[in-house]
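You will see subunit A twice below: alongside subunit B first, and alongside subunit C after that.
The block that comes next holds the complex of A and B.
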């Protein structure tokens, strides 16, 4: 099924969805924000007053014990604690009766001193006074001792705080809106393809066959809508043609057997032969139903499934960090890395096993089997009470994830032929990436609102929905038993492939470091570092969304570029180096921007090099592909690169306690860059084309 | 049937034991209380717990008045009376009446009657129990000292110390243990411990040597005085804390009396009253709930009391940090003139 054939319809539908969804949501959000802003100001005032009153009570208590206000001890630490608990409060201070600043934390004294001196005289008997100082709003509350006023406590908050909060809420809404648009698009795509363009294509196919004289099939469409009505009318016509044919043939038979004139009988026989030659009708007595597997059938369930799995992307290490670590054998960092590593190991095992099992049981069964560990894993991850438990359930989830994705890939590759397989797999990658985009973004917002564990339960629910949907779909589109696996050569002795240095170099210095960068840096270090620098969960998710976003865009163009120019090795080399440089960049400069830049680089790097890696295989392993089968060689590459997925977080966790967070980023970046550099150097000697003498000679 | 009877019935049902405890005319439990320096808060807390829980007890109270020679008589008397439980107060009473876990003599010590101890500074160090999880014999008890590390952290949170002084009675084992622990923590936190044992003449510590020892510490440049949970110093707390105040040395006490009733500046303690209640709870487990004493761990109360003696603070003008003040119980005399 080519997406392109219904593209204009889809684009129109998408625009409709945007028109229907965005204005009301935008309007509602705008009004909510307005209300929020109105409510926020007095709320802040109240909060400042409450904090100020509490401070005054404590200071007055100390003063009542005979501690002179200017000699209070530990005020700075005391203020620091209050400030860290109340991010909206910008600074806290205590001034003497004459307005001199005795203690101040969170702002520079120079900015405030003059204002305080001016205010000093007027404050004496009031309950408090508010003063606008630049961007700050300053609330001054009097501190009274035995003999009257001894000074005042100042609580300052930032006007900018409200707008920054508003901005962050606005972002959350935009993320949710964007993700809902993608979900809406996926559902529209599904509805259109499944109900309209898919059946139309089938009808077109049947008509096309009819034009060639083949009337043996009718479109197998069952629906109660207009399309179904059309199909029934169409099929009635087909049956009419079929019965007309049979009537004709019966008549000819009658003529042939019953006619006394030999010449006429022969003539009738000739006509019958001629008709049979020109037109083909089903031999069984009625036209059969034509049904076709469409690669797009699994797109929506796959999208929902990956969406569910990606929800925990931005917070899994943080969740692990929050759980008690009972085992002290490993460092805390390794314990945090464990769930990611075990998840990756689960995927590796699952894909190894899933590939073999799909051939035997068919994609539908494997999909259903995979759902069990996937649902169970998500559910139990949320209920986990320790890191070990969480790791175990993540591993099981990984197993399910692998089975489901392998099943979907298998389904797509069965539903496509060599001509449209690339488009089919492109649709698969598109679904996975857009699901990653939505899942990561929504996951952060969700975890922030409802917590880590409930987010896992939502994941489990989505996986169930995806399973139900697929069950329904595959029931509606009865699948012919999967074809026996194409004789693709003998996988025995596949390990000899490592003698092909080009393959070994590709695995060791391109595929593995790419995965190390992904899991070690992006999955593990990025959330932890962002969390450590006091970013909220939605912020972390918004930053992490950059990766699939950039990758989606870059891979779209990179694939075309690679096909056009055939510069695959170069793309892999440049991609590897770009990724390494990006990660190092994040550590060279302070702040969030370099980290975001690193993620953008990484997304670009992987978008650029992922598909050329696979596309390069037939070129550099031409002999092995012939000998063992291309699928086997590709599967081997995918399995081997998962070593990098498992190693990545563990490696980062080993680096962390040695050199700190930034050091770990530098170390991972250096490893990735170093390996990419080795690849770039060796790849220069790859030569071009499949006609490589060494392999030819080995035959 | 009184409430005691209900309790007994309930516990009997819960434990599936014989209905002896359900006897409606339950006699009060007879508890032999062996004290070291008279009736004080721990003993009061012990007694009040039974009153509050409506557990009838008959207390047989004996005070040794810090005379060790009276303790063998107590052992004999408790055995002769056939009491249900023995309560021992302090390390000396406990060790002499109950023996150490490696040296128990049924002739000299109480063995068959269950016992609970309180106000033993180092139950394991003094060999009353092999470790704090279980006595492995017929006794249970509580500890009352705040772990030394907590004490030092608390002291440091008031004011970082570089040179910590300690006056102590060299005849008391607790103080020696405390000095060793302080030295180890000093190596960790970077302070030096300067010790000044009081003079001992004829096997008795000399009261008159306390003030000169404090003066000597001042000369040695200590910036904080640590007052160990030492019986001799507790008795002479006014002299010790008075000397420290005169020398303008802030003082930290490991027990409550020097802060509550004398002139130590502050302390981090488990209140004796609370310790007494916890000890009574252990006794209840043994008498009412029929638990084996060896099954009860030796533990301190949960809540730490930080006590700040405000008149001393004002006199020294060394003020507590705001954070600490917020957590502390403050001892203050309203008559004290304020600035």
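The block that comes next holds the complex of A and C.
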């Protein structure tokens, strides 16, 4: 086990997390289900008794009029009416005194006949009897005429009815458990990196210097655990070597300055030179503390922040739908789409502004500044009384979201170098996607239980927690100001990048349609369509979780594939077409499965094409990247693709009243597929490697 | 209080376990409460429906609602059958209570919100609730489709807590027990899982103390081989280098002392 690498220790602790979370949850769920079933059984019996009593009264009334039980008319229709109004009742029946089935609805006679015949006559002196017949629980009530027992009324329900009703609890438990495991992973990752592998990386760096004779630094570790204790012992050793050196140098200085024999003084100087040649010590008089920013410093706060923001993912359009729409100029669908579109516009605006602000104020300040609109936006979204209010606060939340995420990206970018930047950004993407997974899933369950507005308040609370955590963490890492921004060209001239046809095509026909599909189909249409087809909020959330889940898996392999084979343009083209086809598939067939398939396709499409889009930029905008900086060009791409994010829900909302929900899905799918097809056709002309000629022509 | 690594990991895992259990228990309880409530509501709706049918049959025979004296006996019978029922009442379209399982309430008026469902053209069942009680109601419609009034059955709120509260508290106790047992296991398991880290750090400390301490090993190579695996063997090299630096500085100091003494 290497202490300066988190992998092996993390795997060990993850196994521990699974061991201490899954068995108790399984045990508790089993016990709870058993107890719940016991609690519901008497209620089901009472219901069956109430229904049975009513039937007995009706049959006895008919018998009292002199109608024999077997001659009763319209019993089947009556049973059908009762059964349809009481879904927990499986069947209703009437038997004669010998147990012969006279009327039965909801079950096959063959399943019950033998049991009824065996039971015949046993009811004469009873108020009723409950019998277990196969998978059914049968309540038999005697029907009495003037001459005594004339037959029995049977009310039956499925033995597994309660389990089936309670089974949805298992989904909720699975969602909470899955989310808990992801949260456990994030927290353990943080514990391991922050307490073990991060500090030990510093130790490793100092050791690496020390083995070459450089004793100028000590690891700057402040902890009271075993690693902290080791660091104190380590630093004491370093100080010992350093103080021995300082003592020698002081002595040599004394000899050189005070000795009357110049030869001895010169020889002492030679000794000093030899020691300095062999070993290196800090010139300031004591070894300096080595402290380092790690890209993982911001991972947990970022995870919590995105988790908080994603809580409303599955129900935002539904919340908008439930609010009064005071503006009559827009159609109801456009009003529902407005909060999503304005949120995305807020993100676009924040992204434009966030990069420059981060360069000026530093990541920590911008993160803290971004928390203010984020918290305010979440709180006020919950308190909104109209769609316009909600849209406004979602816009402000979007602004905060952009500032926070840009600040985190900036922090990671500065905490990494060219060699480990991909790992750092991978950590960022991993945190965002796993937070999306948890937030969406938990958000649905939570909103179903506590409502839309309180769920926004929970979001606000989590955002505050993420801010506090970040404040605590960044106090522990070096407070040195961020490095000055790299000298970059005038960003105003960046607009000339559109003369680079490859960049323009990438933005128009790959990046923007991908976002149209995401916000128009996934954020807007999917929740509304699922809600319209009687799905509950937790079900909608569980379905929507498929997107980040698939994307997480596919992007992992797609990035490797892109790096290995360099087929970036192809991946973007295939991804775009896949997304469009997936959405169209969702509308071509009825039911929930096609919609889920569409989400899976979209997740795969975006997982396949998101990273290659970024990786392609240095190739197709080689000159612009040199001139304005890669960060500026990438930020421009990210901002421009937000046009698609804003347009997506609005476009879907325009299509909906024209062609209905399915028509809107087809239309969005067609738009995405059409644009992706254009990109695919032009992709063949992209060629390989850095493109200098066209850009030179554009200068 | 000093926080060892295993204590930190244990605390994190126990916090996650407790909050997961709490969240799951809450969601599970509320889902269960929903299911039981819906079953209870459905049963009482059925009881109200049987009364409605009986009343409407009489209305269809041409009787006025006010005249159906036998309905009073029927609702009293239903009330005695189930002690959970707070009351059953039938009121006319103006809100006057015509029949009530509590005879003292006959002639009184129902709250205004009980009249609102009667104005709905659908004639659908309705549910009303306040802090103490829930009510299920059904409009009484004559053969001409005119709403004559409604039958409402009132049952207490918090039915689940009262009926199953004891069992649920026992369940909560058992769950707390599970959390405690697994918390103890977590502490033990975390200690075991992190023991290699502790051992290695201790070995490295020992190597440093032995090599650079006041009483170094005679050969000066100290315990470097023990920790050779750390940092790809760099730690051993580092210890050796530090030892070498100390030795070199010591020899250099002795050399300078000799030069100094030459005076």
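Criterion: the second predicted complex is superposed on the first by the 549 of 699 C-alpha atoms of A that agree within 3 Å, B and C clash if a C-alpha of one lies under 4 Å from a C-alpha of the other, contacts with A are read in each partner's own complex, and residues count from 1 in each chain.
Note that a contact is a pair of C-beta atoms (placed from the backbone, for glycine too) under 8 Å apart; a residue touches a chain by one contact, two chains touch by 3 or more.
All values derive from a computational prediction rather than experimental measurement.
By the document's definition of touching, of the two partners only subunit B reaches A:71; subunit C does not. Using the contact criterion defined above for the overlaid structures, shared-chain residue A:593 touches neither subunit B nor subunit C, since it reaches no partner. Of the two partner chains placed around the shared chain by superposition, neither subunit B nor subunit C is touched by A:498.
With both structures placed on the common chain, the touch criterion links A:255 to subunit C but leaves subunit B unconnected. In the superposed model, more residues of subunit A are touched by C than by the other of subunit B and subunit C. By the touch criterion defined above, A:146 lies against subunit B but remains apart from subunit C after alignment on the C-alpha atoms of chain A. Common to the subunit B and subunit C interfaces on subunit A is no residue. Of all residues in subunit B, only 310, 313-314, 317, 319-326, 330, 332, 336, 338-339 touch subunit A in the complex they form.
Every residue of subunit A that touches subunit B in the complex is listed here, in rising order: 58-59, 61-62, 65-68, 71-75, 77-78, 81, 146.
Interface of subunit A with subunit C (complex): residues 1-4, 9, 12-13, 16-17, 19-21, 23-25, 27-29, 31-32, 35-36, 38-40, 43-44, 46-47, 50-51, 53-54, 57, 85-86, 88, 162, 165-166, 168-169, 172-173, 176-177, 180, 183-184, 187-188, 191, 195-196, 203-204, 207-208, 210-213, 215, 224-227, 229-230, 233-234, 237-238, 240-241, 244-245, 247-248, 251-252, 255, 259-261, 264, 267-268, 271, 274-275, 278-279, 445, 449.
Residues 2-5, 7-9, 12-13, 16-17, 19-21, 23-28, 30-32, 35-36, 39-40, 42-43, 46-47, 49-50, 81-82, 160, 163-164, 167-168, 170-171, 174-175, 178-179, 181-182, 185-186, 189-190, 193-194, 196-198, 200-202, 204-205, 208-209, 212, 230-232, 234-235, 237-238, 240-242, 245-246, 248-250, 252-253, 255-257, 259-260, 262-263 of subunit C touch subunit A in their complex.
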